[in-house]
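Next come the structures, one after another.
Each of the next two complexes has chain A plus one more chain, namely chain B in the first and chain C in the second.
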Partner chain A sequence: MAELKIDNVYKSFGEEHILKGISLDVTDGEFIILVGPSGCGKSTLLNCIAGLEDVTTGDILLGDTNVTYEAPKDRDIAMVFQSYALYPNMNVRKNIAFGLEIRKMPKAEIAEEVARVAKLLQIEPLLDRKPSQLSGGQRQRVAMGRALARRPKIYLFDEPLSNLDAKLRVEMRTEMKKLHQRLGTTIVYVTHDQIEAMTLADRIAVMKGGIVQQFGTPQEVYDDPANMFVAGFMGSPSMNFLRCEVTKQEKDYAVQIESQGTIFQLPVDPKQADLSSYVGKTVVLGIRPEQITHVMPHLVAEQYITQVPVKIEVTEPTGADTLILARINDQECECRVHPQEAGKVGESMDLLFNMSKAVFFDEQTEARL
Partner chain B sequence: MAKSKNPSYANINGRAVLYGVLIIVAAYYLLPLILMIMTSFRSMDEIRLGQLIEWPKSFSLDAWSMAWSEVQIGAREERGLRPYFINSILMVIPSVAISTILGALNGYVLSFWKFRGSELFFAALLIGCFLPFQAILLPQSQLLGWLGLSGSLVGLILTHVVYGVSFTTLFFRNYYVNLPHELVKAAKLDGAGFWVIFFRIILPLSAPILVVTVIWQFTQIWNDFLFGVVFSDPSTQPVTVGLNNMVNSSTGEKQYNVDMAGAIIAALPTIVVYVVAGKYFVRGLTAGSVKG
Partner chain C sequence: MSVSRKKGIDYWLPKLVVSPTLVIALVFFYGFVLWTTFISFTNSSFLPSYDLVGFDQYVRLFMNPRWLNAMGNLVVFGVLFIGICMVVGLVMAILLDQNIRAEGAIRTIYLYPMALSFIVTGTVWKWLLNPTVGIERFVISMGWESFVFDWIIDPDMAIYTVVIAGVWQASGFVMAIFLAGLRGIDTSIIKAAQLDGANLFAVYTRIIIPSMRPVFFSAFIMLAHIAIKSFDLVIALTGGGPGNATDVPAIFMYQFSFQRGQLGIGAASAVIMLMTVLAILVPYLYSELRTPKNG
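The block that comes next holds the complex of A and B.
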């Protein structure tokens, strides 16, 4: 186990720049998730950490040693691949033991280690099978077993759950979290699934275009996004972005919205943003669907809550909630209401806009205000 | 396709035509072989009296032992095809082994350890597949002369290895590019180096393409006549050259039965290789074309 420090890493393939100055500090035992859309460089970064790709410039430090120019085998890193990459010609036992044999561990210790890992992952009955005789979930476990057996300094996971079906993925997610809590190892985990990122990570690095957009705890990234990309990428259904004009009220500021021909002023919490220089200009209001709900009497009188009637365009029941697509400022806006409160398509319905967690972005730069 | 319970007449007729054509084609290819085998069992007296194409009236293996160890070929002391056959075996085994191993290594490097210019290197190597035998005769004999290998078995082996490496590399490289690259990455992280990955991970997965390459190289090298006749001297000539010398001997009577037996002897190893490993050959050729 060790700390991992990535210092200003650039990676280019010819003229194509994949990583543009990545810096991350990972503390010992932390579960870090790199998340972002395809092509954002997250897998390249993982390969650079593993040593499977050389960095163009920058440094990678593992503990106190600079491993930037060390071969993968000297870095003491284990990786679980998306395709699992189990050796097809070896049975499960051999797959797990391979790395230990290469490192010339005595036979008895290898057997002990394989037994320990097999017990940990509950794959003891599978030890004599070939990978082709295993199901997707079992292969996934074996791949993890292979990584665990060596007790390396850090673990890398490259979209390990993306080949599993939805139900199994949720199960394995929980198991992975339990495993991390038990072992307390440093993990860097790549995924494009923001739910996986939210549920598993101690801290999330949201990447786009070879740049870390934000590096923070799941709650920070969710509540306090650095820019419109992060705000839109994290959360499902994603955050509503409404372009609206800033107006000056008696002492505070507000943003102006229009619904069914009526104008409403939504008060801005000064803790969330200082919009003094934007009066009369347009900003992007970011408000999550769960902040727009059906009318709950005990909330109506709160300071930053405004009751707005909207026209229902589409309803999407998810079971726990019903999502309502409304039209605000002639833009689509998704709202989350209790299934029993949801109106019918075409009807008008009163909704509460809770501005206490609303965020604001510059229209041009998409940066947070 | 699911079998229908009541096949229509059109279906049956279609099948009949298909099988009819296949039988005719198979017969067309098999008849010469059958004729050769039959003739090799007849005696010369019988052939002289009757037609060349006729059922044997008696059965004798004399022609086979003649061809194998008794017939006088050229001015050699040792008689029969046996010494030539042994030469061929001594030539083909190292040639096939070395060219296959080199091809596997080349393919491994070109697929998993790419270096600057490796694609160009591969392209250049492929030109070797299109070089006709005749084109390299003169330069190769010059080279063998410089190396002091003219007329030796080693020189012949070297020629076959060099000529074969283009093909074997192509086979292995095209097979390996379809293996998942993450296997090699995983092995690197497990601490394995170049040779360990090759011998413990890649080579055990290469069985189908190994069979294809070995059959291909064996057939090519065993059946080769041109290199055999140019780069050998009388003591190192392979069986193809021996057969040619035997059949073309112009003294005395033409012994058709001995010629036929000799031709079969010369072709036997390739037939055996196909019969033993033929199904792997087809399987190996199509491996990787279908995913799953």
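The block that comes next holds the complex of A and C.
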């Protein structure tokens, strides 16, 4: 176990710049998730940490040692691959023991370690099988077992759950979280699935175009996104972005929306943004679907809540909630309502817009205001 | 209704197209295999006869020193040819798998000898190995006057010249087979092994090569049957000589059947060769075609 410090790392392949100055500080025992769309450089960064790729400039520190120029085997890092990368010619026991044998650990200790890991991951009955005889979930466990066996300083996971079916993925997600809570190891985990990122991480690094857009706890990233990309990437269904004009009210500001021909002023909480310099201009209002709900009497009177009738264009029942697609300012807007309250397509329905968590972005720079 | 409908051309055409091949294969391949086997149990000499004499021809065959010599040569040639081809092919494949430039061109160069017939290979190597015009002459003309490389005319060494020519021809092909096998291995396995602390040598010897067992098997089978059937290479290179020094079973069979008028012994030797090929092929086919239970 150790801290990991990534200091201003650049990685280029010829003229193609993959990582453009990544700096991350990971404290001991933290579960860090690198998340972003494909091609954002997250897997490259992970390979750089592992030593499978050389960095162009910058430093990687593990504990107190600078490992930037060390070979992968000298870094004391374990990695779980998306394809699991189990050695096909060895049974599960040998797969787990291989790294220990290479490091010349005594036979008795290896057997003990394999037994410990097998018990931890409940793969004891599989120890004598070959990888080809295992199911996807079992292979995944073995791959994790192989990483756990060496007790390295830090664990790297490269999209470990993406080859599993949806149900198993959710199960393994929970197990991985339990495992981390039990072992308290430092983990860097790459995924493109923002739900995995939200549920597993202590902190999330949202990446795009070789740059870390935001590095923070899941709740920070969700409630307080740094820019439109982060806001749109995290959360499902994703945040609504509505272009609307800023107006000056008596002492505060508001954004103006139009629904079914009627104009409404949605008051802006000054804690969320200072829009004084945007009066009369257009900003992007970011409001999550769960902040637009059906009418709940106890909320109606609150300061930053506005009741707006909208026309229902599409309904999407998910069971727990029903998602309603409405048209606001001639833009699509998704709203989350209770299934029993949801109206029918084509009907008009009153919704509550809760502005207390709304965020605002500059239309051009897409930066947070 | 549709059950009683006449079967149309769609039904008959495939069968019609395949049937000549089937007939040819049945008559000229399996038919003559059976006929040869039958002949080997008769006292045929110049012309086939139908007087059965049991295993007499096999007894005469294995009493014949030329046959034993040919079998001995086959063992020497087979072991060296298969072994060296495998090692050279594997090493070339591993080197070629290191993401090098111009890999396609190099691969083609190494694979090219396979496009030649063994007759051409044999003829070229006959000239190269000929002491008066080939490599020996070349080195002497360069100034090393005492240089001797006359294996091809040395009865004790001539069989090794066949090995050299055979390896030159077939190792590129073996390389291509191994390269395909190496490409089938997930690169993250290599990365995982590196993180586990293995150096490149250990990665290959402990993981990659062991997991290529089926590829080794295929390469072995292909080389083994080339070795057992080798005839044209030896004829072109040494003609079986000097003396009978490079005799192989196929040459023995040809000479006894068609030149010496001892059809019975020739047939018996052909059957022994077939049995040798089958002894290698059958376990292979068995292991390949069997549904895998314990992978």
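The rule is simple: the second predicted complex is superposed on the first by the 369 of 369 C-alpha atoms of A that agree within 3 Å, B and C clash if a C-alpha of one lies under 4 Å from a C-alpha of the other, contacts with A are read in each partner's own complex, and residues count from 1 in each chain.
By definition in this document, a contact is a pair of C-beta atoms (placed from the backbone, for glycine too) under 8 Å apart; a residue touches a chain by one contact, two chains touch by 3 or more.
If you're wondering where the values come from, they're calculated on a predicted model, not measured in any experiment.
Superposition of the two structures on chain A leads chain B and chain C into a clash. By the touch criterion defined above, A:72 lies against chain B and chain C together after alignment on the C-alpha atoms of chain A. In the superposition on chain A, A:103 makes contact with both chain B and chain C. Looking at the shared chain after the overlay, A:133 reaches chain C, while chain B stays out of its contact range.
In the superposition on chain A, chain A positions 50-52, 71-73, 77-79, 81-83, 85, 87-89, 98-99, 102-103, 146, 150 are in contact with chain B in one complex as well as with chain C in the other. Residues of chain A that touch chain C in their complex: 50-52, 71-73, 77-79, 81-83, 85-90, 98-99, 102-103, 130, 132-133, 146, 150. Listing the residues of chain B that touch chain A in their complex gives 180, 182-183, 185-193, 196, 200-201, 204-205. Those residues of chain A that touch chain B in the shared complex are 47, 50-52, 71-73, 77-79, 81-83, 85, 87-89, 98-99, 102-103, 146, 150. Interface residues of chain C facing chain A in the complex, by the touch rule stated above, are 186, 188-189, 191-199, 202, 206-207, 210-211, 213, 294-295.
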